[in-house]
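Chain IDs A, B and C follow the sequence of writing; residue 1 opens each chain.
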Amino acid sequence: MLTKINVGPIHPSTHGVLRLVVTLDGDTIVNVEPHIGFLHRGVEKLVENRMYMQSESYMEKVDYAAPMAYSDLYVSAVEEAMGVHIKERAKYVRLILLELQRIASHLLWLGTFCNDLGQMFTMFMWTMKDRDLVMNLLQDATGSRMFYVNMRVGGVSMDLPPDFEEHAKSLLDYLEKRIKDYEAFLEKNPVFIERTKGVGVLSRKDAINLGVTGPVLRASGVNFDVRSAYTYYAYEKLNFMPQIQVKGDVFARYKVRILEMKESIRLIRDALKEMPEGDALGMPIKLISPPIKEKEVIVRRELPRGEGMMYMVTDKQKPYRLSIRAPAFINLSALNHMAQGAKYADLFAILGSLDLVMADVDR
Amino acid sequence: MVKLKISKNELIEKLNEAVKEGYNYLVKITAVDYIDHLEVIYFIRNIENKKEENIRLDIKDGERLPTIVNIFKAADFYERELSEMFGIEIEGRKVERLLLEKWDGLEAPLRKKFEWGADYKRD
Amino acid sequence: MDENERVQNARKEMEQLVADSLKSYKPPVGAFFTNLKEATKAIADGSIRWARKNSLWPMQFGLACCAMELMDFGSSRIDAERKGYLLFRGTPRQCDVMIVAGWVTKSVVPEIKRLYEQMSKPRYVIAYGECAVSGGPWWESYNIIQGIDQVLPVDVYVAGCPPKPENLFEALMKLQEKVGGKVEDKQE
């Protein structure tokens, strides 16, 4: 006797507007069908009528939990179309700001993931406070709290202020202590361990065939990270190592993100030591329609949610076609495979561990 | 970036060969609208030695694409999005709308002949 | 006879003057002890308005990027609980205010209308962020409604992209003035 349940579009536990139609047999899940498109606004069509640098602020609103990463992806595509190399110091400045953005995004994920497991806002309050401190540091460096628009062709818009290094070092010491507290709080808790170990297992072969990316792929034992495979900025000089776990369940995905936060802290410390002197400013934004040399461009970056890719066909003043590969879109399509045979209460643990942002799923 | 331009009938053969050589990860399926024909591009990747390849083919209005869901399971969502955004029909499986589910009157918005902004009115 | 007529005319005039002046006399609103029925009505109205305006419970309706600032508004740095806006509730039956944050597409509009009709009266709506005020940067898109006030009656508009959480504080304080009776409030 099969029953169908509707997990409606507006729900406290789906991150955004997502509708799931769940078919149950008693308490076991038989089929999960996601219905999306409630936040679709046609970004790929809007960009075709704007000049190049005018659509940088559109790209930031595609993933609003880590806006600087998408803006960096788009401006790199324009730079490669123009044939411009960025300055040495700008590579390190961009790396520091992007790793800070990654820490902020993973802290937000940790708070809402523990909300889904029923912890009722305890971890949420702690991690949102830490995220607020990281956003203050980013506000010192760029001037704005949430939508930065600070990437320019050839560099950044403002160099780091003179007292950035002391503030960053004291904040990183504080964050290290807090991450140890979070681990001790969660990993010795028998309820958390029961709810996450052995739940939603994804094997290595299935992960590659289903096309998932990011921490979901690395938690199933696949050694693939864009920062080390198609390396960019200064990751190779700073000896970046991807973090991998083998089991493939919800606990492994949680562990990969905690280890990535620790690796980001180490990268920022090393980059602050080794940063060269010089000039990091890029071209001013009034240069709205730059001279274009290449016809087709492909760029890849490692966003906090996975691997993002842009394929752009250029015209003289506006892009002719911009095709965005969003990581959350393809991660959501693996939900049906992972949730077969699990209990109904496990569905939200699995959904929370995929780290979805719904505006990324329906651009 | 290696470019291969093939015809529509060789698609499934080429993809099976590529899977045997080790290209087992599908990155994206996308399309570009040049006004007299459409170009469909498949991006595939080899996870072991990190190489990428594109496979391109040309399609005119009204032709159908074969489905590749049996080779890569990741092609499910990509084919649904392609068929509703560009108006390409896919044969071999039943394709439902993904992003524009409730608006049956909206056809192929990413084509160049779709006049966007035509709905905008404010008093 | 002339004297009697004159006296009677004067008496009639006096009575008419007294009747006229009694007609145009209204007791002042804030004055107690003129009319017990009106006094109790004023006290009860005032205290109900005081209780309502100091405990507005918002309903979470974060659709998009402005929902990040709503989360920040409810957490411990910019505390929303100290003014009475308690934790955001999930069910619309217990809520007074609906804060619409994020862009509204044509697919979501039936859900919004259903939730708005489920809220119990008196109910208020705040449009938070540029996308809910007028469509925002997506005003030319084929799938977007240009502002939530084409669907629902809005009380307070907050501009910004995204507005800082302190702006939401000021918007809720202006809504408190409206609930408290200083500005005219049309509820059916």
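Following the convention adopted for this analysis, a contact is a pair of C-beta atoms (placed from the backbone, for glycine too) under 8 Å apart; a residue touches a chain by one contact, two chains touch by 3 or more.
Source: prediction; values computed, not measured.
Across the two interfaces under comparison, A-C and B-C, the one joined by more C-beta contacts turns out to be A-C. Comparing mean CA positions across the assembly, the chain most remote from subunit B is C. Between the Cα centres of subunit A and subunit B there is a gap of 25 Å.
Between subunit A and subunit C, the centres computed from C-alpha atoms are 40 Å apart. The mean-CA centres of subunit B and subunit C are about 51 angstrom from one another, to the nearest whole unit. Among the residues of subunit C, those touching two or more other chains are numbered 107, 140-143. Chain contacts: subunit B has residues 100-102, 109, 116 touching two or more partner chains. Multi-chain contact residues of subunit A (touching two or more other chains) are listed as 37, 40, 42, 45-46, 49. Those residues of subunit A whose C-beta lies close enough to touch subunit B in the complex are 35-37, 40, 42, 44-46, 49, 208-211, 222, 224, 229-230, 298, 309, 311, 313, 320-321, 323, 325, 329-330, 332-333, 337, 362. Subunit B contributes residues 1, 24-28, 30, 32-33, 41, 43, 47, 50, 72-74, 76-77, 98-102, 109-110, 114, 116 to its touches with subunit A in the complex. Across the complex, subunit C meets subunit A through its residues 60-61, 63-65, 68-69, 71-72, 75-77, 87, 90, 102-103, 105, 107-108, 111, 115, 137-138, 140-144, 161-162, 164.
Those residues of subunit B whose C-beta lies close enough to touch subunit C in the complex are 100-103, 106, 109, 116-120, 122. Listed in rising order, the residues of subunit C touching subunit B in the complex are 106-107, 139-143, 146.
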